[in-house]
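Should a chain be cited, it is by its letter among A, B and C, assigned in written order, with residues numbered from 1 in that chain.
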Amino acid sequence: MKICITILFLFLFTDATAKLWRVGAGQQERSIRATINKATDGDTIFIYPGIYKEGQLIITKKLFLKGIQYPVLDGEQKVEILTIRCDGVVVEGLFFKRSGRSSYNDIAALRIADCRNAVVKNNRFESGYFGIYSQHATAAIITGNRLQSDAKDEVSSGNGIHCWKSDSMHISSNTVTGYRDGLYFEFVTNSYIKSNTSYGNVRYGLHFMFSGNNSYISNVFRDNGAGVAVMYSKNIRIQNNLFADNWGGAAYGILMKEITDSRVEGNRFQKNSVGVMLEGSNRIQLLKNVFIQNGWAIKMQASCMDNSIEQNNFSANSFDMATNGELVLNSFKKNYWDKYEGYDLNRDGIGDVPYHPVSMFSMMGERNASSMMLFRSFIVGLLDKAEKMLPVLTPVDLKDHQPLMKPLKL
Amino acid sequence: MIIASNVTKTFGKLKALDNVSVMCSKGQTIALIGPNGSGKTTLIKSMLGMVVPDSGFITFDEHNILHNWNYRSRIGYMPQIGRYPDNMRIGHVFEMMKDLRKNSTASTDEELITAFGLDKLMHKKMQTLSGGTRQKVSASLAFLFNPDVLILDEPTAGLDPVASEILKQKMIQEKEKGKLILITSHVLSELDDVVSEIIYMQDGQLKFHKSLEQLQEDTGQQKLAKAIAQIMK
Amino acid sequence: MMQTMIKYVVLDLIKNRIILVYTFFLLLMSVGMFSMDENTTKGIMSLMNLVLIIIPLVSIIFSTIYVYNSSEFIELLAAQPLKRKSLWLSIYSGLALSLSLAFMIGVGIPVLLFDGTLTGWVLVLSGLFQTIIFTGIALLAAVKTRDKAKGIGVAIFLWFFFTLIYDGLVLLLLFQFSDYPLEKPMIALSMLNPVDLSRILILLKLDISALMGYTGAVFSNFFGSGFGMLLSVLILFLWSAVPVWFSLKQFQRKDL
């Protein structure tokens, strides 16, 4: 497949006027910079193995840069290695190493600035500040890249793939680890983010704000400092992603703050301190997700309205839900809750008594964290049972009227 | 052989032993007699180290028995009530005792086991046995290791006449080997031809310690039961 | 000498009907709980209640009754050339061993077969500790009280205390002093009750996601650290040893 694409690209660029340049030890050219200067629009530059320390390279022509066996572009921790400032540039198979760092300037290993249809493909990034930085870009394709850095804290680190004021981006199959935020989007619209893996980042695996009409499909976000946080956006589609192993006092599988009219479907939330955290979010469809082994499957603030939580599986979570209010303005329907103890007399697969996902102890834990010491103790079990029969602390109207008896096949 | 000196023991308000001094020597067969609650069993238990006196001391072959446990390898003890773990078989009980006392060099004496016919019951579980059979087991255990001293607490209680007689013959036999035998009993008629000394206790006090002849002489009665009855008047 | 004694006590106990019923009951429960749900974590959660409630109950009551029922046998053994110390420790070891064996067959093996994760191991280890600790407490209760009925009463009360009353008091304390930072006192309080301590060690595996969710995460930071783990296990060992030690001291002075 890769070879096919490469050949396709070769055909595209190998038109009558295009020229092929070869850079490397024993090749006709030694310097990438010099070759870029000599080349004209539509040319292809093959870069052969070696270590190239050529400072900042700025591409203002429509070129195809192709690395053969990952030649290393070394930024010597000083400069931004490559900047694309022309439409249709393709960068493939390069190894960006040791790009510069700065505390007042967002230095990236590779920047896509003010251009259309850039392709950044199958490159490797190691040890740097920002990885791929896109600003005012349109319809760029960022795919198959591996980004790895060594961020220690939020202040001194940059983001893996950072997009700002960009549109119609296609970001897929990248692996990002060791940055501040794995994927960061601000004012990014109509984009498609698929099959990326973002793990082990200091802050968020994915962080976006003011970015509407985007789709996040089949990505993996795991083991990030604070999970995933998305804010102030509309019309988001989050489907078939995995959110896992995000642990901490402010770590969420996904935190949705003021997200509206969106769809969260078919995702798996596993072993997070909080699976889904909703704050001021309205009209979200939470459908067919799996919540398993989370501390809290869902935490929903009273500021949320008209969300529907349907056909999800809740299993082996410490708590199914917590809230700070009544939450009667949201609908819970046909979910499977493993803690449900009701019965199904008419055998239609739906429990005959409603399920209250907020337990007394989860309310107690909200008020008094030390009470966690008594979690799952005999006495708390008794109190929980008593509360179920005669609710005092828990919101009476927050309930699933049609709890499923058996888990859905998800 | 066993000497108790000024032994006192109180259980709460009850004075079980009140300044008791007694000397038991080799070759003697001593009947420890007295009404219920007179302190007989407490005295025996003190000698076995099961009860620790409040004051006074007890020696075994001139060694204080306090904090000592080895001397018990020379004692065979038959308790008043013998109860054993429910699921043990008779065979196991004997095996266990042999295992526990295997450092005692003397060869085992299994005469009573065969005399009582226990050898045919070895596979029986203890919980299925009658009180009498359990007593037979206890008696056989006491004699099993050929000890120098035998302490028998109400040995014939619960035994049928035949078994009683077997046990008595065994006692006489052992007495002739020069062993010290201590018996508490209130069925006095049976002790006539076994006993050589009498210790009489009442309310925790030792009333007298006499040889059988002396007692017969003092009371003018031949039968032990009648002699005691005379004293108790 | 002790090994011989222990051998015979165990041989007697493994044929005991109550022990057999107990083993079978545990086995039934654990297999039932695991096969009811394809999710083994839930099985572990249900078993946790079994381990923390039933195991202490059976261990303490059975051991207490056993000691009372064996009083004549113990007397007989005390008249043998044995140290009281080895006699008493043999009875303790025999009881603890037999009950542990029942637990291992009833819960240990199914857990390790069905689950086999670290959580499972922690659960099994906790169960073993509960068995040993409550056998020890039973011996202390039995040696301190001469009367059988009273002794069994004390045993039941102690079980009730450790599994319910203690936590009730802690709960009360929590809400009385909810304005104060209580995390550290809570850690100390959980050390004072072997049931709580075991439960927290299991929680640490089962509910780590939630425990980490609290700001500060005091519990997981403390109990999750190498030091905390070590201290917890040490305290559990102390709980296994201290009551037995007191009971031994008492038994050595006791008039039989």
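Going forward, a contact is a pair of C-beta atoms (placed from the backbone, for glycine too) under 8 Å apart; a residue touches a chain by one contact, two chains touch by 3 or more.
Only a predicted model underlies this, so the values are computations on that prediction, with no experimental measurement involved.
*Asks:* Please identify each chain that touches chain B as well as chain C.
*Replies:* Joint contacts: the list comes back empty.
*Asks:* Computing the C-alpha centre of each chain, which chain sits at the greatest distance from chain B?
*Replies:* In terms of C-alpha centroids, the chain at the greatest distance from chain B is A.
*Asks:* Suppose every chain is reduced to the average of its Cα atoms; which one is closest to the average of all protein Cα atoms?
*Replies:* Taking the mean of C-alpha atoms per chain, the most central one is C.
*Asks:* Taking each chain's centre as the mean of its CA atoms, how far is chain B from chain C in angstrom?
*Replies:* The computed centroid separation for chain B versus chain C comes out at 41 Å.
*Asks:* If you average the Cα atoms of chain A and of chain C to get two centres, how far apart are those centres in Å?
*Replies:* About 46 Å separates the centre of chain A from that of chain C.
*Asks:* How many angstrom lie between the CA centroids of chain A and chain B, rounded to a whole number?
*Replies:* A distance of 87 Å separates the two centres.
*Asks:* Quick one: which bits of chain C touch chain B in the complex? Just the residue numbers, please.
*Replies:* Interface residues on the chain C side: 1, 4-5, 8-9, 11-13, 15-16, 69-70, 72-73, 75-84, 253, 255-256.
*Asks:* Would you mind writing out the residues of chain B in touch with chain C in their complex?
*Replies:* For chain B paired with chain C, touching residues are 9, 11, 45, 48-52, 69-73, 75, 77, 79, 81-88, 92, 96-97, 99-101, 104, 138, 141, 151.
*Asks:* What residues on chain C touch chain A, complex-wise?
*Replies:* Going through chain C, the ones touching chain A are 37, 39, 41-42, 45, 48-49, 52-53, 163-164, 167-168, 170-171, 174-175, 178, 181-183, 186-187, 189-190, 196, 199-200, 202-203, 206-219.
*Asks:* Note which residues of chain A are touching chain C in the complex, please.
*Replies:* Its residues touching chain C are 247-251, 271-274, 293-296, 315-316, 318-319, 338, 365, 367-381.
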